[in-house]
Structures are given as C-alpha cells and as structure tokens.
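You will see subunit A twice below: alongside subunit B first, and alongside subunit C after that.
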Partner chain A sequence: MIPLRKKALLLQLFAALLVLSGCGDEKILERLGFIHTAGYELVPAENSGEPDKLRVTIAVPKADPEGKIKRETMTAVVATSKEARIELSRQTELSLVSGQLRSTLFGAALARKGIGEHIDTFVRDPAISQRVKITVVNGNVQHLLNKRYAEHPRPGQYIDRMLDKEAEAMMIPNVTLYDFTRDYYDDGIDAVAPIIREKGKDITIDGIALFQGDRYVARIDPDDSLIFAILRQNFKRGEMSINLNSLGYGKEKLLFSSMVSSRKIKVNRGENGGLSVQIRMLVKGSVLEYVGDLKIGEEEDRHKLEKRIAEYLTSNAQKMIDAMQRHKADSIGIGKHVRNSMSYTEWKSTNWDELYPNIEVRCSTEVVIKNFGKFM
Partner chain B sequence: MAKEKLYPFHVTILTYMTQTGVVMLSLPRILAENFGYNGWMALIGLSGIAALNIFIISLVYRLGKGKSIFQIMEMSLPKFVLYPLYSFIACIWAVTGCIVAKNYVSIFQMISFNTTHVMLLKIMVDILVYFLVIKGIYNISKALTSFYWVTSWMYLILFFYFKDFEWARMTPFFFSGETHFVEGSMSVFTSFIGYELSLLLFPYVEKGKKFMRAVQIGNLLTTLTYIIICFICFGFYSFEQLKLMVYPMLDLLSYIKLPFIERIDNLLFAFFLFTTVSTIAMYIWASQEIVKRMIPKAKVKVIVILIIMAVFFIAWIPDTIPEIGEWLQYLGYTDTVIAFGLPLMLIAILLVNKRARQ
Partner chain C sequence: MALSKSEDNMDNMKPTLQHTLEEFKDCADILHRTLPETGIDMVFFEHLVGSDQFTRDVAIPFMDANGDDVKRLLNRSQYEEMNTNKPFIKAILEGAVAIFHNDRSYVVYVSKPEARSIQQSETEAIITGPHDSFNEVAEINMSLIRRRVKSSHLKSILLEVGEVTKTRVYVLYLDDLANMEYVNELQSRIEKIEIDSVLDGNMLVQYIDDFPNSIFPLIPTTERVDAAVSRLVAGRIIVVVDGSPSVISAPASFFEFFSSPDDYYQRWMLGTATRLLRFIAFIITVTFTAMYVSVTTFHYEMIPEDLLLTLTESRSRVPFPPIYEALLLEATIELLREAGARLPTKIGQTIGIVGGIVIGQAAVQAGLTSNILIIAVASSAIASFVIPSYVMSASIRLIRFGLIILASVLGNLGLMMGIVMVIIHLAGLTSLKASYLTPIAPMNVKDWRDVFIRSPFAWLKERPSMSKSPNMRRNKMKQ
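And now, the complex of A and B:
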C-alpha cells in the first residue's frame, strides 16, 4: 500500500497536470470576440477584368460591462471566404471565435452564384453549430449589419429573434445549417432559405428563396409564404389573411388563424408509365375576422366559405407549383415521394431534375372552419 | 477478497461498456458507406455473429466446467508454444486499449484543445486507467457500473431528434447504392468487439448458466444502442449527406439546444470519456491478466504501469486521425480473429483432453 501522504501527493500532482494542461488552450472571455452574425456578399469587379470579390461583414457583441459600445462590426473585402478570417482578425484586439455564431447572411447576388463552398466550410469546422441560421439578404448586407435600428436590439440579435419568431408562425421556414445541408444533399428535395431586407428603420421578411442545388433560383412572395408552408410540411400553428377578391367573389376578405395543416403527396402511375402527383391538403382553422356578405354563424354559409377558401388555396398552390417546376426547384420535396414509389434501379435511371418540370402535379384542398369566435 | 464474485448484472454492464466507445461517433457513416440505403439493418446480422461467438465462448465455459482459460491451455500446450501466444494476445489487447485512447483524445483535441499536445491529454486518460486497473476486476466492474449510470441518461437526448426525423428520408431501398459488404462487415464488426474479454472472467464469476446469458444481454444492449442511434441518423440526415459526415454523432450532439444554453456538444462529448475509459481499462486489465500468468511473481501495479508505459510509446506512432483509424481497423481485425480463434482452440484442447481421459 502507498502511504496516505504519498497518495495525497500523487493526487495533487494529477490535479496540477489536469489544470495546467488547459493552459495551452487558454481562452479568456473578455479577450474573445464571439462572432454572432456573419454576412457574405459579392462585390462585382466593374469592368476591371478581375474576378468578383467577396465582402465579409461580421457582428461581434461586446462583453465588456464598462464599455458603452455594445457591439462591433468589421468588414473585409477578400478573394475567398477563407482569407476573411485572417483579414478580420487584423482589425480587432479580440480573438475571433465562431462557436457562438447564430446566423449567416448571404447577399442575393452571391446566393444566385452558389453558396456551396461556404456551406462546406461551415459543416467542416467543428466549432460551428448545426443550428446556425442560413438567410438570404435582398440588398446590401454590410449596410444591414452596420446600421443602428433605434427601436430594436442590435442587428444580429434583431434578425436572429425575428427569424425565430416568424418561423414559429410558419411565415418562413426555419432554415439552419442542418436543414440546409440535409436538403442540399438529398436527391429528392431542394433547399430553401428565408429572405430579409432593410425597410426604412426596420428589417423585414422579404419572402422565401428557393434553391436549386446551391444556387438561389426563385423567390416566393411573403404573402404566399403560408401556402408554401402548407405544401412543404405539416404544421400546427399558422395564420394567413385571404383576399377572395381574386377569385371573383366581390370584396370578401378574411383572416384564417390557428391553422393546423397536413398534406399528403401521392404518386400515381399512368397506363403508359407516366407519373402524376396528387397533393392533398387538409387545413383546419378558425375565422375571427371576416368581411363579406356571407353569415359565418350559419352552417350553410360557413360551408360555402370553406369551399371558397379551399378554392383560393388550391389555385394559389397550383400556381406556386407551376412556378417551381418552371424554375426546376423541387422545394417541397415531391422527389422524395417519387423516389419512394420506385425501385432503386428505376430511381437511379431517372434524371429527376429533367423529369420534375414535366410531370403533372395536381392539388386539392379541404378546409374546415373549426370555429368562428364568440359572436354569431 | 476471494469470496467476492461478479454478479450477472455487473457482467452485462461490463460487456456493454467494453463494447461501446468512440466508434459510435462514426458508425452511422460507416454503415451508409458500406451497406448503402438503410444500412443500419446490417447491425442486426452482425450482432447475430457476435452472439454466435459468445455462444462458442459459453461452450468453453461449459466444457471446461469454469476452469480459467490459462488452466485449460496449460493442460496440454508446452510452454514454448504458450508463451509466444500469451505475449501476442497480451500485446494486441494492450495496443488496442491504447489506440482507442489515442483516438478519443485526438477527436477531443480537434473539437476543444486544438493546440494542446495530444499525448499530454492521453497521459491524463492513462492515469485514470492506471488507477482503475490496479484495483482489480471487482472494483473495475463496480466503477463501470457507476459509469454506466452516469452516461445512461444520454439516451434521453434522442428525443431531440423526433421533430426533424422523417420516414420519407429512410427510403424503401435496402442495401442498395454503392456497397462493400465484406469490407463493411469486417469494419462494422469491430464495433462489437469487447465481449471476448469475458473469456478471462471465468474464475471471477458466480458459477452457473447466468454468466454467459449476462454476456449475451450485454451484447444485446450494445446492439440496441447502436441500432437506435444509427436508425435515427438515417431518418434525420439525408443519405448522401450521411456518407460525407465523418462523425455523424458529433453533429447530432451539436444540434442540441436547451432553452438556456446552446452548444453543449463539448460537454456531452466529455461523457464519452466514461465509455472510452471503460474500454481501455478492460483491455489493459486483460493484458495484465496474461502477463501476470506468465510472471506470477510480479506485482500487479508494476505490470500495469509497465504495460501502460510501453503502449504509450506505441500510441505515439500514429499521428493523424486517418492513421489512427487505420490502426484501429487492423487491430480490430486481429481482435476478431482472437475472439473466434481462441475459444475454438480452447474447445479443441478440452475435447482432446476429454477423449484422452476416456
């Protein structure tokens, strides 16, 4: 047996070793700059013949309690995103770390060109979380991040919280690095991302960007975003205002809220082997605001209204799918269902990107008004 | 001390903790790469092979009537055959232990301590292992049981992934795509390795059928854990993505977000230290048992410290993570050969002896 004193000494030695070995990777909180938001955009080389450059802007919240400055933004114009880190770190007294990165913004022009290489860097770096948000910015990213929004928190946090909140209400899809890479590599669905832009003294949601591979190819208007949500996934919470005017029902308007939606995609085979896809949507919700000549307290009228809402949703969904097919962006994942209706060899011999724009997709909607408030 | 026995429950946990380890981090990818779509199902078959192997070991236990494997071997093999064999097995087991350790610390270095020397991290793991191994198998088993309870809550993490799990992503294809069945089976099978150390437990367990059943249950527990994790990965990630992820489980961990904290993956990864230390300790202990048999007069502490020091320097050789992976692969193959070969040889010896006596 080792005597007790010797044992204690050994233990102390071990403890010292344990503590000291951390010194090599010492990190002092006050000296770290936690990048919260990183923005990437294209700086076109105007007629100079050189290749386009990349402008990287980062927002770093300051941890210093005495300092009046609560944030710092830095910008670097570089040839590749890998250089940006070194260039940015030259501008600050803090060591920049990306462990707390929450959101990344891509300028629309860059997104059109493709963001694959950036995504690759993000997934490779073990410091970067799978929950980092991917967002497209319509407009100048640097300006968006540099600006002071008097009535809102600092831009990074402002954007992050707004995206969270809007995603919860299904107004935009919640797109994190995980979601984006998953759909990017899946052969049966294409990735999407929310779009934001500056609007006066605020930042606002500007729709949904549809990707084909890593390129941004089409946009969905914010007014249609709930229809997109219905097509893309099942959800339990949503709200949309519907203007039945477009269907020729006079001046009828309503707010359809507390929506619960589920959709089924069915793949059918024609006699000649051709594919057709049937999307069935079931939407339940309550109508708390209605302007029009129907009496929603009466059952007959309510059923009429359900039919009209269904008609509205179907026609808009159909238009949206036609547009997606035109842009070859399978953003709602029809490919997954087609793939799952086939054998492996059949799927492998199908060129889905070529087939997708040409298949017939039909939508149908069933709407149920669960309640209409506490007044007849 | 002599009265103490390993209870079946402890044997189960011992088996499970020896089998599982850092391999879990990359297992879903290896399955996707080698078995194609729905590759997780291959685990069922491979677990069956492990169960068969355990059955062979149980035959040794039954035929030998609980004699230790050393007693069985020494019944008929001359020393000049035995000692090289002993040394070989002791070496392989000790090196397996230390490369497993190196693998763990290398990943740890990549995610948390980028500039700290790997071997410094490894020394710390080795010190833990040393203190564990010198206490003997009863205390190891008790420690491993508490380690098990410390890590068992991690199953709850799996609930995080239900929301983004999608059946459509699993696809109806089975084992299609680019596949390498033979190579894949061999490398995935190494993740089941560890149960063969039950060969050395014969003298320490309660006599009876329950012992081998406990090893089988331990193997089942491992299988179940692997299947759940890999199944979730196949429905949580898209197939092509899974093939590109080096450590799908690390990414799973970084996905977790609690209302008050995000990025707890480093913390969670530290919990893998428990299962890793268990694996290392068991292999070093097994190696020590053999050396002890060869040099009965040597002190356990001296043997353990010498083994750990010797393999420490061996662990210095592979430097990069791919290199370590390659070493682990070949060690795994050799361990598999030992796991099948050793009990078969023992059965042969027992049968020959039985006939000779008749």
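And now, the complex of A and C:
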C-alpha cells in the first residue's frame, strides 16, 4: 500500500521522535519556579562615580505539600535587568520561568528615571503575557514583596487581585503591558499606572502615576481618582464620595454611586489658529447617602444638588487638567482628539508636547441623579 | 480447495445409502435406522433433529405404514426427492433426515435448529425503543427484519462463505432505495472471500472492507434490529451472517458510529444534545490525557493561575515525568476494563471496587500519580464508553496512546500533528468506495442535519447523500 520509500521515511521520522524526545525544551511543571510578580527599583550608587544599580525582586508562589511555605522571594542587585535572571537562578533549585508573570512593580525612583527599556524587554519576550500589570510602588519594592503579611500569605497574588478589583470599580485604571505600550507609543496620549504602597499590615492603593513618555512625572491622589476616570474614559460602574464643603455649601456630604459616565472632547480652532479644547462630561448616578440641608425628595432641591455636584466635579477636573498641563502629561488623551481634528501633515508639523501645556482646556459637567433612595 | 475428478463425479452421482454411510464414516453422532417391513433406511444427525418431532412426524407414520402408504407418504410436499449427491449431503449436515426407499432418496426437515431466544442486546442497550435484538441464527434474524419491513422491495441474496464452515450469508437491500452499484460491489467482495471459516459479522467485515489495515472500523455492525432496518430504509445494504448476532450495514461514514437509535425515539432537542455530547466525548477521550501530558511537560503558561499551584503540588509528589505517569495510569485503566469485560457481573463488581478505591485513591497517596491525572484519565475513559459503537470506541482508545506519546515528545505541536495525521488518514478512507468522511468530505451541509444534530423529522425529508439512493425523498408517498 504505502511505497517502500515513504515507509522508510516514516520510520526515520518515528525513530527521530523517540531518540530526540529528551532534547526538547522540556518544562516539567514541578521543576519550575513561576515568577508571579517581578519588582524593579533603583539602588543609588554609593560612590558618586558609579552608575546606579538595579535591584530586582521576584515572588515565586510555592506549592509545598507538607510545609507552610507559600512563596519564595529572591533579590538580586545587578547592573541590567538581563543579568538579574542569572543572578536569581543561582538562588533556587527551580528553573525560573516568566510565562506565568502577572504583575510588575516599579519603584518610584526608577519610574521617574524611565521604565521604557524594561517595558521593551517584556514586550520582546513571547512568554510574557500582554496582560501583565504595570504598577508603580511608592516605597521599597523589595520590602513590599518580602514582608510577611499575616493575612496575605502570597503578597504577589494579593496585589494582583486588589488591582483587578479596584480597576473594576474605576478607582484606578487597569494598566496592563498592552495598555501601557499602546499609550506609550501612541502620539496623542501618555501612559498612566496605579501606585501602591505599604500601609501597616496591608498594602494600599496610593493613587495614579502619570507618565510623560516613560517617565513618571505626577501623581493623582486616590480621592481624586474617580474624577480622573471620568476625564479619561467612559465607564459604567463607579462610586465616589463627595464633600461639598470645599465649595462653601456648609457641611454637605454625599455618596454618589452606580455612576455611569461619558465624556466628549471637542477641539475648537480660534480665528488666529489657536486651539481650545472643550471637555463635556455627563455623569448619571444614584445618591446613596446624603448629609445636608436639601430635601432631595423634592425636584427643585434635587436639581440644586445636581448643580452643586456638577460644580464640584468641574472645578476639580479643571484643577486636575491644569496640573497635568503643568507636568506636560497628556494622560487623558486630548492629543488624540486634536490629532483627529487636523490633517496628517498638520499634525506632523505640530509639536504636541510643546503645544499641550499652553492650550486652553475647559471642562463642563452635567449631573443627573437617577434615584435617591426611598425615605428622603 | 481443488476437488479431484473422482470426487467431482461423486458429487453429481445419485445418492445411495452405501455412499452416504461411507461419507459419514467415523462420525459417532450419525444415526442409521432401518425399517425392514417397508424397506426404508433413515440417516440423520441425532442432535440436529428434534427427537419428539421426528418420532411423531416421521418415525411413527413409517412404522405404521405398509407398502402403498409409504409411497403416499413420500409424495407429501415436505419430502423432497434428491437426485445428486452434493446437496443431499449438505441437507443432512443442515439437520435434515435422509430417507432411502427403493433406490430413491428423500430429505425431510423435521426441526428448526436450536437458538438462543431473542433477547436485549447487551452491547447496544438503549432505554426507550424496541428491545429485541438479533441472535445467532440467520433465519431468525431475517424474520425479524422481514417482520419490520413488509415490502416486496426487500430483496435478499444468499451467499455461502467459508470453505469448511459453509456459513450462510444473506445480503439484504431494498431494490427501489439502494444503489445497485453498492449491492454488486458488496456481493462480489463477499464472493471473493477465500477462507476456511467465518465466525462473526465483525470478522466478515474485515474481509470485505476497503482498508483492512486502518485502525478505524469502516463498516458498522449492529445487534439491534431497529438500527439495521433504519439503515436499510436509508438505502444502505444489510448483511446477515449465520452464527453471528452482528449484522453488517454498508456503506457507512465515520459519523454513523456516533449515532444511536434512541436519538430518534427522544424529542429532537434531546437527540441533538446527546449526539453533540458524543462528539465532545470523542474529543475528550482522544485528547484529554495527551493534553495533560503536553501541558505539564511543556506548556505551563496555559494553566490558569488558580489551578497552577494545586497541579504543581500534586505533581511534586510524583517521581516520574508526566509521560510515564500517564502511560502507567492509562495502562491500568485498560487492564481494569479488559478484566471487567471478561468477568461475570458478580466478580466484575469487585473489579470496580479494587479499581476505583485501591488504584484511584491509593495511587495518589502513594505518590505514583497526581490526582489531576486521575481525573483526566478517568474522564477520558468514561468518555470513551459514551460512543455507542464498541468497535469504534476501542479504536479510539488505541489512538489515544499514540497521541500521548506525541504530546510527551513535542507538546501541543505533537498533539496537533497527531490529530492532523488522524484527520488526513480519515479523509483518505472509503467505505465500499464511498468517502468515509461524508458529509464533511465531500461537503454536504444538507446531510449535517442528520449527522451532527438530530433535526426535527419535518426537516429530515431526504435520505443521506452517501446512500446514492435512486429515490432520495423519504416522503414521496404523500406528494
């Protein structure tokens, strides 16, 4: 049936399969150390002449049938991140692999210097997922990962899940390798990343880092993070507590929940060719908690409250944009809208980084209270 | 077996008592009775003839008879006069009583052969639907089919297979529905068989199928009457082999092995769901263990984070690489299955307990296998039993081993290569010269409604294209 030559070929193939079976890059599960979280931070050189060193800390979750050891952390102080792998593998019996990497942490000092080359390394490695999270750490990364949190046996996983959950509630942007590189390489927008820090026996969210290029330039306070979210994207789920005190309305406080927000950015051109940008935000939501003088069961008062919330959001958004312009960080992507409003050649001849701090950006907000509870 | 000339002459000679006794010399079970008053000699095999009926219908009438009565008796229609030796001898072998009277010889059939009663099929049991199934006697099987198909279009060809056993083989078809090319092809293939014995339908299949060296069965057999009839009506050809409850139907596609009669006895949505379940079971049984091996050997990236640590933990107790672990457990399951199949039900339960508890639980505790592998192997073993055709499910189980080895050598690449090789092989197969992968290759989307799903009967108005039936519409009568 099968010609002899073909048969011989098949036989050879089969023999090759058997003989070469040991030569593949076998990665047998229990002999691997899966790097779950990798942290990078700067170690200032002691002598001023030497270049700064890099401290790499990795967290490897461990499955030990008998023991109570849930994880292993390793640290190496090296000159480049590539060296780190060699240095780290000297410290373990497992072969370290990065295919299960979930999140990367960058020390604030390193982030201020620029993390472009590290990002580049991640993107280049096909084993590393596009969904790896990028986070800035306010404080010591090694300490953050090394510390024994009594209630969180695996800090890597703890951080990863906390970031996931917070991103879902829009308290921080969900920044993966994909998102970061997309914003990093795109023309009219700058990347952002969440910031975390140690807090007692826990780890906490410490705001949002704004990047300019690959450098961390400014930080947004966690209390303002929802205003940032409203400015940056449309979303369908959010919650914020608003203190109207700052606007001078007495002791009025409210919890605005189930927020659905959409924003439109409009680019106007003045007569002399100058640009001005109008950001219109529409926020709908329900009032869960209200402490104040208004009777929000009554329509008139409710509209009054809507106006006050809008005023609060507008003034804070305006402040935030001013700060961003000051730091030359176009984190909400105004540049993309400007780019879309002009021709390619015109955009190419525009130096957006120079132009951005000087254009006029105005915010306006409309707030709709969809419901406000039963007995009020 | 070439016959010598003298034997050939003998075959055409008139049968005589002396020659008959010569022929059956040394057969201890041949009986020779002589009735001297009437000059009658009877020769027959004791146990092929029902003795009560023989005494009542043959022995007593002849004992009581005088010369004229004997002639009258022998003129009755059940007494058949034989003029040549060969069919005469054959008749005795088939259980007839030979009667010699005045140089003339007659045969009379006084009893039907003994047979197992018509029972429920054990290999193809179903829950709803008819429970009768074929037994070992071709004539009974024929009667079961004829009783269901009351049509003069149901034609049958009688062939004989096996130089020694002379097994009767009936080829059945509906002459207005079956394609005569298939009938002729099948008939000529059966006629060409040169073998001393055919003992079962599944054995006959291997003499007539297109690729005897393929691992896949190309022609299905069934013990169920309703399944055989439904194929007959679909324009297929049925072959009944004497001595075997397995009835052959041809041609057939790969997918036919995944359908069961009760798909049609349930509501169509349930029928569809169970049919899809079988295809999923096929994929599970072929790939699950191989997947485990390839993932634990090469592709740690594929494992979800939450499963990773449990998997690593259970693997870390096992001293062997995944391939040996998997082969060990797969071999154990095959041992259990084979042992269970041979043993009577009462001892079979012990096997279940020994297999389930001792091997399942203890192997994990002893650190011989990981418990996730136990799940993988067990679910693929269970999935293999979902496939209704026993022959197909056995073939598929064997393929699994090839895939496991490929997966251990090249990971998912090897697994994929293996699957592709199986598909290429399948695509090259034919069943009675009809493509085995119909209706995928050649593509016939219309057929899919009775292959991958079981559509409502209102949609099933045409016979499957594979039958190449001259009469494709099933509901012609009403139009």
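As a convention for this text, the second predicted complex is superposed on the first by the 350 of 376 C-alpha atoms of A that agree within 3 Å, B and C clash if a C-alpha of one lies under 4 Å from a C-alpha of the other, contacts with A are read in each partner's own complex, and residues count from 1 in each chain.
By our rule, contacts are C-beta pairs under 8 Å (C-beta built on N, C-alpha and C of every residue); 3 or more make two chains touch, one makes a residue touch a chain.
Since we're looking at a predicted model, the values are computed, not measured.
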A:Ile28 in the overlay: touching subunit B, subunit C, both, or neither? Say first, second, both or neither. second
After lining up the shared chain so the two structures overlap, which partner does A:Pro61 touch, if you call subunit B first and subunit C second: first, second, both or neither? second
Look at A:Gln100 in the shared chain and tell me whether it touches subunit B only, subunit C only, both, or neither; answer first, second, both or neither. both
For A:Thr181, using the defined touch cut-off, is the partner it touches subunit B, subunit C, both, or neither? Pick first, second, both or neither. first
Look at A:Gly270 in the shared chain and tell me whether it touches subunit B only, subunit C only, both, or neither; answer first, second, both or neither. neither
Dominant contact partner of subunit A by residue count, subunit C or subunit B: B
Does subunit B (first) or subunit C (second) touch A:Lys336, or do both, or does neither? first
Determine where on subunit A the residues touched by subunit B overlap those touched by subunit C, and list them. 17-18, 21, 24-25, 99-100, 127, 129
Complex contact set, residues of subunit B against subunit A: 37, 110-117, 120-121, 123-124, 127, 164, 168-169, 171-173, 176-177, 236-241, 244-245, 250-251, 254-255, 257, 262-263
Residue set of subunit C touching subunit A in the complex reads 213, 296-301, 303, 305, 308-313, 315-318, 321-322, 406, 408-411, 414
In the complex, subunit A residues that touch subunit B: 14, 17-18, 21-22, 24-25, 99-100, 123, 126-127, 129-131, 178-179, 181-188, 333, 336-337, 339-340, 343-345, 347
In the complex, the residues of subunit A that touch subunit C are 1, 17-18, 20-21, 24-30, 32, 34, 61, 63-65, 97, 99-100, 102, 127, 129, 157
